[in-house]
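Each of the next two complexes has subunit A plus one more chain, namely subunit B in the first and subunit C in the second.
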Partner chain A sequence: MHQLSKGLSSPGGCCARSLVAVTAARTMAAAGSPSAALRRRDLCSRGIRLAGKMRADVVDLLDAYVEQQGLDASASVAAVEGVPLAAVERWDEQTGTQRLLENLAAYRAFRALLAQMLEEQREQLGEADAGLGRALAAVLLQVSAFAYHLEELLRLESRGIPGEEGDEEEDGPPPPPRLSHFERKLRGLGVLRELAQWAVRSVRDLRQLAKPSPATGAAPGLAESP
Partner chain B sequence: GADVTMKCGSMDWDAAVTWTANGTDIDESHLNGSYLILKNVDLSQSGQYSCYEGSSWHLKYQTYLRVGTPPKEPVLKCRSNNYPKGFYCSWHLPTPTYIPNTFNISVIHGTKDMVCEKDAVPKNRCHIRYLQLFSTVKYKVTLTVTNALGKNFTTLTFDEFAIVKPDPPESVVAKPVPNNPRRLEVSWQNPSSWPDPESFPLKFFLRYRPLILDQWQHVELSDGTSHTITDAYAGKEYIIQVAAKDNDIGTWSDWSVAVHATPWTEEPKHLTTEAQITETTSA
Partner chain C sequence: MFSRWNWVACGFYLVLNICSPDASGGLVQSCGHIIPESPVLALGSNFTALCILNESCLDFGNIYASQIIWKIKNRLVPKEQYREINRTVSSVTFNDTSSLATPLTCNILADGQIEQNIYGITVTVGLAPEKPKNLSCIVHQVSRFTYVMTCTWNPGRHTFLDTQFRLKYRWPEAVFPDCIPKDVNNSCTVNDIQFFVNTEIWVEATNALGKAESDRLVVDPIDIVKPLSPQNVSITSGLLPTVLQLSWENWISDAVMTLKFNIRYRIAGDTNWMEVPPEDTASPRTSFSIQGLRPYTEYVFSIRCMKEDGAGYWSDWSEDKTGVTIEDQPSKGPPIWRIIDTSQSPACWTVHLIWKALKPYEANGVILQYELTVRDKSSLSSPVKKYNVTGTNHTLQLREGTYEVTLIARNSVGPSPPSVLLIPASNSKAPVKNLRTLPKHDKLWVGWTAPNNYVLKYVIEWCLVSSSSDCTIEWQIAQGDVQGIDLKGIKPFKCYLITVYPLYADGQGSGQSVKAYLKQDRPSKGPTVQTKKVGKAEAVLTWNHLTVEEQNGFIRNYTILYKTIDGNETVVTVDPSKTEYTLSSLTSDTLYTVRMMASTDNGSRTGPDFTFTTQKFGKGEIEAIVVPVCLAFLLIVLLGVLFCFNKRDLIKKHIWPIVPDPSKSNIAQWSPQVPAKHNISSKDQMYPEGSFTDVSVVEIEADDKKSFSDQDLKPFDLLKKEKSTSEGHSSGIGGSSCMSSPRQSVSDSDEGETTQNTSSTVQYSTVVLNGYRDQTPVQVFSRSESTQPLLDSEERSEDHAGGADSTAQRQQYFRQNGGQDETNTDRPCFERTKQITHASEGDLVGFVQLQISGQSSQPLGLGMEKNTQEAAVSNVLQTCTEGQTVRPETVEENPLSVDEMPKSYLPQTVRQGGYMPQ
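Then we have the complex of A and B:
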C-alpha cells in the first residue's frame, strides 16, 4: 500500500515528486475550501502550541542531560549520522508541502533516536537516573504526537503520507553503530540540540503554513499537484 | 613615550640650523648639533616640524610628526535586529590611537568563510546575510585592528539565535481614556527594521510608573501592539516605555523612547456663584 519515499530527510529532496497514495479514512473537502482552510489554521495553531511546549521541554531536558552526563554545555558536536539537521538554505522559498514533509521526516527520525537514547539510558543507569529517563520519555511522547499532528496536516491537503523508512526491509532497520559510552553521550547531546532547533523551525514553518494565500485563500504552496 | 630624532635633510651635523614646530621656534636645548631630539614624546607634540638653514633661513627639511599609540583590544559586538535576514557587527577602540587604523573583519560559519559587507555609514560596521537558518553551528567573528605602531584583535563566537535583538518599538503613543480616571491607552508599532512580523512575531514588555514614584509596573504581552493600563493613579502623570523580543528566540530590545501621559480627570468646577447655580452633572 505504501511506497517508500526516500531522501525525505535531505534538504531540497524531491519530496513533491515522491508522494504516495494514502489510505486515510477521512474524506476531506477540497483543499481550497473554506472549511479546509479553517481546519488548516486550527491545526497550525495547535501545532504551534505543541511545538512551543516541546521546545521548552527539550531545552530543560538538554540542561538536565548536560549536567547528568557531565558534559560541557558549549562543547561543539560534529554532525552526527542519522540526526536530521534543522539548518536549511532558502527557508523562505520552501513550499508548504516541502515544509510538512521535511518536518515529518525529521520528527520520525527523532522518535527513533530518542527511543534508542531512552533504552541506552535505562540499560546503563537503571533506577539511578529516573528523572532524566522520565524527561526523555515525556519528550519522546511529544515528538510522536507532533509527528502525528504533521500527518494530520498532510492528510488535510489530500497528500499522501510517506511510509516510514525501513518499512519494506525484511530484516528490519540496521542495528545502531557500536559507540563508546562517551560517544553515546555526545551523540545524545547532538540529538537534543538539533531537536531544540527543529522545534523552533517547526513553529516558523507552521506560521508560514497558516498564512492565507492572497488569491485562493488556501495556504501558500499547498495547492499543487503531486 | 618614545624618543624621536630628526635629521635636517642633508645638512651636516655641525651645521647651524633652526627648528620649528608648527611655526614656533624650538629651543636649542633640544638640539644635538643640527639634529632635533625629542625625548619621551606625548600627544601634544604632534605637528609639522621644519628645519631652516642658519642665517639664510632656507627651508631644508619638513615633516609631519604623528604621535600615537598601538591599538588596544577592540570592542566588537554583533547583533541581528532584522532576523531572519542577517546580522551586523560593529566595533570601536576603547581608547583612541591618534593615528590612522585599519580594521579587518572575518566571519566563519563552521568551515565556511562569509563576507561581511562594510556599511558606508557608519564606517565601523558591516553586515551579513544569513545563508542558512536554524543552524546549530556557531559563527566566529574575528576583528583585527592595525596601525603603524602595532596590531590587536578580538574574537566573538555565537550561535544564530543568541544575537537576535530587535530594535525598540516605534511610535509609542499613550492617551487618556475619556471618563476613565484610572486608564491610559498605550499603542505602538513594530520596529521598522524587523522585516517580517507576521512570520516572526514579536512579543512586548510594557513598563509604566507615575513620575513621582520610582517603582515600575510591568506587563508582558504576547500579541497585539496596544494595551490599556487600568490601575493608573488618578490625575498623576505617567511615564511609559515598551520593549520587544522575538516570540521564540534572542533577547529583549532596549526600551523605547519614553512617553508621558496623564489619565483623564473631571473638569474642575469654577468657584463662582454662577457656576454653583448652573451646575452640570458629569457622566
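Then we have the complex of A and C:
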C-alpha cells in the first residue's frame, strides 16, 4: 500500500505521467467520434456504479469507524476544510464540465484526506485493526479511481485537466494543522460523511452527464442506474 | 640438474601461491583466472572462456599460455578448441553450450608432466523465459466485502534457471505492487482489487538470460467476479399443495453488482435436478415461489447467482435445502386385482382382493384407510357390502357370480377417485393374441396384440417359476390403449411365467401365458444320463429334465455325445421334450462313454460321463442257438433209444447174459410150489429195477438130484434160519423194510389160516420176529415177501420165459453177492405189498404160506451178506406172490403135478403164539 499511496499521491510520476499523456493523445485523436461517445457512456456508467459502490462502502466504513473510534454516530461535525460542499444551490443549472470540475476537486481533496487518515490510522492502531485500515484503503482506491473517471470524462469534453494543488505549489501542500487525537477522529468522521454525500451527488451528476445532450447530439443516455 | 631444481622450485611456488594465506587472512592470489567468471549461458549458444596467467607466475615458474589445458569436470577439452592468444592468455571455445558442465577449469602442465590447476569457474546453462500465455483472471468473493483476484497463466517451457514471475496490474493513473507467486509459477492472487476501473494486467517472467511479458489483459474486475452463492436459504410451504417459496440473502450489494439467479430443485431421493426457467429469475431478488410441485413431496432446492448482465462467473450452488409441500387428496384410485381360489368348491369362491399402495405422487399424503365396496351384480337384491381396510389386501368368501368391487383411498384431505374391478362369473371374453416378450436391458418387455373389442385395462401377472416353491404372483395394470409394458425387478437367468388378462367393461378375457427369461445363461449343470437297457447294438438312454433353477434359460435341445474308448465321438441332437433316446448301430461287446449336453441360447453344459458296455449277444441269439442244439440232442437221444430198442436183444445179451432160472434147477424142484411160480410171467413187475452185478451160478443137472446129500441142503436150511432171524429185525428183509410187512403178515396169516383149512397143499412161509430187546417175540405167520432163495428177480419176464425153457433142461442154483442196495430192494417191496394186499383181498384161497422152522430164528453164522439174504427172501416172497397172483390157474392146473412130485416141506417150527399150518 505504501507504493500505491506513493503512486497515488504523486500522479506526476514518470510512469503515470507517460500513461496519461498517451491516453490524452489517444482521446484527442478520437474526440467527437462514435467511439468517443461510447467511451463517454462507458465512463459514465462505470462512474455511476463506482460512486454507488463507494457510497455503500463509505456507509459501512462510517459504522465501523464510529464504533472503532468510540464516537457517537449522531455527533455533529463541522465542515471539513478543503472539501467543497456537496450541497449546492441551483445544482440543475450547472453544466457538465462544471459538474466534472467540482467533482474532480472534491475527490482530489478526499484522496489526500483519506491518505492522511490511513496514515494516522496506522500510526495509531498499527496492525491491531487491519480491517478498518483495509476498508479505508479500499475507499481510498475507489476515490482515486473515481477521480480517474472524472479526468477521462474531462478529456472527452476536450477540457484541460486542472493541476492538483501539490503540482501547482512547488512547496507542496501546507502542513496540516496540528490537531489533537480527538479532533483527528472527528475530522475523519467529517471526511467520511462528506464523502458519502459526494458519492450521492456524483451519481446524480454522472446521470445528468449520461443523458443525451441536445447540444452535442450524443447517443441516448444510459439506462443503467446504481 | 639446474633445470630440474628449477621445476621443483616452480612447483613449490605454485603451491605457495595457491595455498598460503596472505596478510589479510585470505588466499594469496592464484597464478591466473578465467574470464568470464561463473557465466550463465543460453542452451545451444557458443561460448568462449579466457584463462589469463599472472605475470608473476610467468617470471618465477616459467609457465606460459601454451602449457594451459582446459578441463570440464575432470574431462580434458580437446586441444582443437584451445587458442593461445598471447603468452599469458589461452582461450577455449564451445560451439554448443549443451556440451558444457561444471566446473570448467584452467590447468597447466608444469615441466610437461605435472598438472596444476590454475582456476575454475561454474558454468550455468539454461534458457531465457518464454512469453507467458493464456493469462486469465477471476475475482472471487471471499466474504461480504472482500474480493480477491486470482490470475493464472501458462509459464512456458522449463528454463533450467531461477525464473521469477510477476503479475503486474495497474490503472492508467496508478501502479499497484506486483503480485509474486509463492511456490508456483503459474498463478497469483491479488487481495486488494477495486471494481469499476479498467485494470491492465500482465505477467512478466525474468531470469538471468532475459525477460518476457505476456499479452496485456485489460478488464474491469467487476466483470470477472465469481460471487458467493446466496446465503441463508430458507423454504416455506405456501397455502397451495403445489407451491413452495424460496428465500435467501445476497452477499453482494446492489451497489457492487446486481444479480441474476438459477434455482434448481429435485424430489428428495431423486438424482435428477429440475431448473426454474432462467428468464424467471434473471432479475435481482431475494425470494422466489416455485410452482407446479407435487403435493406432500419433499423437495431439495439449491440456488446460485452471477452478475445480472452475464459478465463474470456463476457462483457455486448454495447448500441444499429441503422443503415439503402440503397434502392434497389422492389423485387416483389404487390399482386393484383379485385372485380367486375355487379349491374348496367351484361354487364357493375365496376371493383375495389385492391392491397396490399409491405412489407418493399419487397418494398426495398419508393414506389413512381404504374403503372397499363389493356389489353382487348377479343379484340386485343383495346388499352392498362395505369394508374399511388399512392394509392392501382383503379376502372375501363369495358365491360364484359377478361382482363389482370399488376401492377408494383416503388421506387427511379427502378420498381418491374410485377404482372399479369387475369380477365376472367366468373369463369368457376374448383373450389377447400374440403374447411375446423381449428383454430390454434390465427390464422385460411384454407385448401383445389387442383383441378386437375395446379393452379397458390389461392386467399383467408374472411370477418366478420355481421347482421348490409356489409361484408368488406379482401383477401390474396397464391401460387399455397400450400393447406392451416393461416389467421391472426381473432377475436374469430366472424363468418367469407371464399372464395377460384383458379387462373389458362387461367382463374379463381369459389369460394368455408365456414363459420368458430376462437374460439367459448356459445351464448350471448338465443332464445325468444313464442306460435303461443295453443290447448288442443299441442302448436305451434315459435322463431327467433339469430343474427350472438349473436350466438358466430355455433348453433348446439335448445333445448326446458318445464314443468308444478309441473311437470318434458321435453327436446326436435330441428334442428337449424327450427323456429317453435309443442309440443304435453300436458295436457289440464294446465299452461306450456317453455324456449329455443341455443347450440354451447362451451356451451349453455337459453332464457327467456314463459308461456302458454293449452285450455280446443280441436278444434271442442265445435261444436261437441253444434250442436247436437241444432239439438236435433230443433227436439224437431218441434215435439212440430207438436204435437200442431195436437192438435190445443184442444189447441185452451183451450186457446181461442169460441167467438160468433156478426154479428150473434141481434144487428148485425140491420145492413143491416151484412149478407154479414159473408160470408167472410178470416177474419183472415185482423187480423192475433189480440188478445184479455179481452173479455166481451153480448149475446142477437134473439128473444129479439124487446126488444131493444132506450136506448139500444144509446151507439152504441155514438160509431159512437166517431169514427167520433177520426178519425179526425188519431190516434186511423186503417185507419188513416196507414196515407194513409184519402186520400185513399177521393179517395175512389170519386169513391164511382159513386158507390152510381149505387146502393143505398150499405152501406157507413163516416169518418169525424176534422180540424187541427183552420183550418176548411174537411169532407171526406171514406171507413171505422174500425173494430168496432163487435169485431170479432181475430177470425180465422174457428171461423167465427163456429161463423156464432152460429150466426144463437143467436146474440151477445160484448165490448172490450183494450188488443190490436197500433202496432197490425196498421200493419194489412196497409195490409188492400193495399187490399182495390186493391179492389177499381178492383171493385168499390161493395164498401160499411158507413155514419156517422156529429153530431158524437163531442168529446165522454163515456170514452171508445181507443183500443176499434180502434177495433170497425177496425171491421167496416173489414166489409167494406169484403163487398168489396166479393162484386160480395154479390151483386148477397143478394138482397133478403136486401129486406127482415128491412132497417136500421145509422143517416147520411151532413157537409160542405161532401158527401151525394145517
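Heads up, the rule we're going with is that the second predicted complex is superposed on the first by the 181 of 226 C-alpha atoms of A that agree within 3 Å, B and C clash if a C-alpha of one lies under 4 Å from a C-alpha of the other, contacts with A are read in each partner's own complex, and residues count from 1 in each chain.
The rule is simple: contacts are C-beta pairs under 8 Å (C-beta built on N, C-alpha and C of every residue); 3 or more make two chains touch, one makes a residue touch a chain.
Predicted model only: the values in this text are computed from it and were never measured.
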State whether subunit B or subunit C is in contact with more residues of subunit A in the superposed arrangement. C
Between subunit B and subunit C, whom does A:46 touch in the aligned arrangement: first, second, both, or neither? second
Could you tell me if A:57 is touching subunit B, subunit C, both of them or neither one (first, second, both, neither)? second
Subunit B versus subunit C as contact partner of A:76, first or second or both or neither: first
Output check: A:149 vs subunit B and subunit C. Expected answer is one of first, second, both, neither. What do you get? second
Contacts of A:86 with subunit B and subunit C, given as first, second, both or neither: first
Could you look at A:204 and tell me whether it touches subunit B, subunit C, both or neither (first, second, both, neither)? first
Could you give the residue numbers on subunit A that contact subunit B in one complex and subunit C in the other? 52, 55
Residue numbers of subunit B touching subunit A in their complex, please. 84, 131-138, 161, 198-201, 248-249
In their shared complex, at which residues does subunit C touch subunit A? 145, 171-177, 192, 194-198, 220, 222, 253-257
Sort out for me which residues of subunit A touch subunit B in the complex. 52, 55, 76, 85-89, 91-92, 193-194, 197-198, 200-201, 203-204, 207-208, 211
Over in the complex, which subunit A residues touch subunit C? Could you list them? 1, 3-4, 7-8, 11, 13, 15-16, 19-20, 23, 46-47, 49-50, 52-53, 55-57, 60, 134-135, 137-138, 141-142, 144-145, 147-149, 151, 226
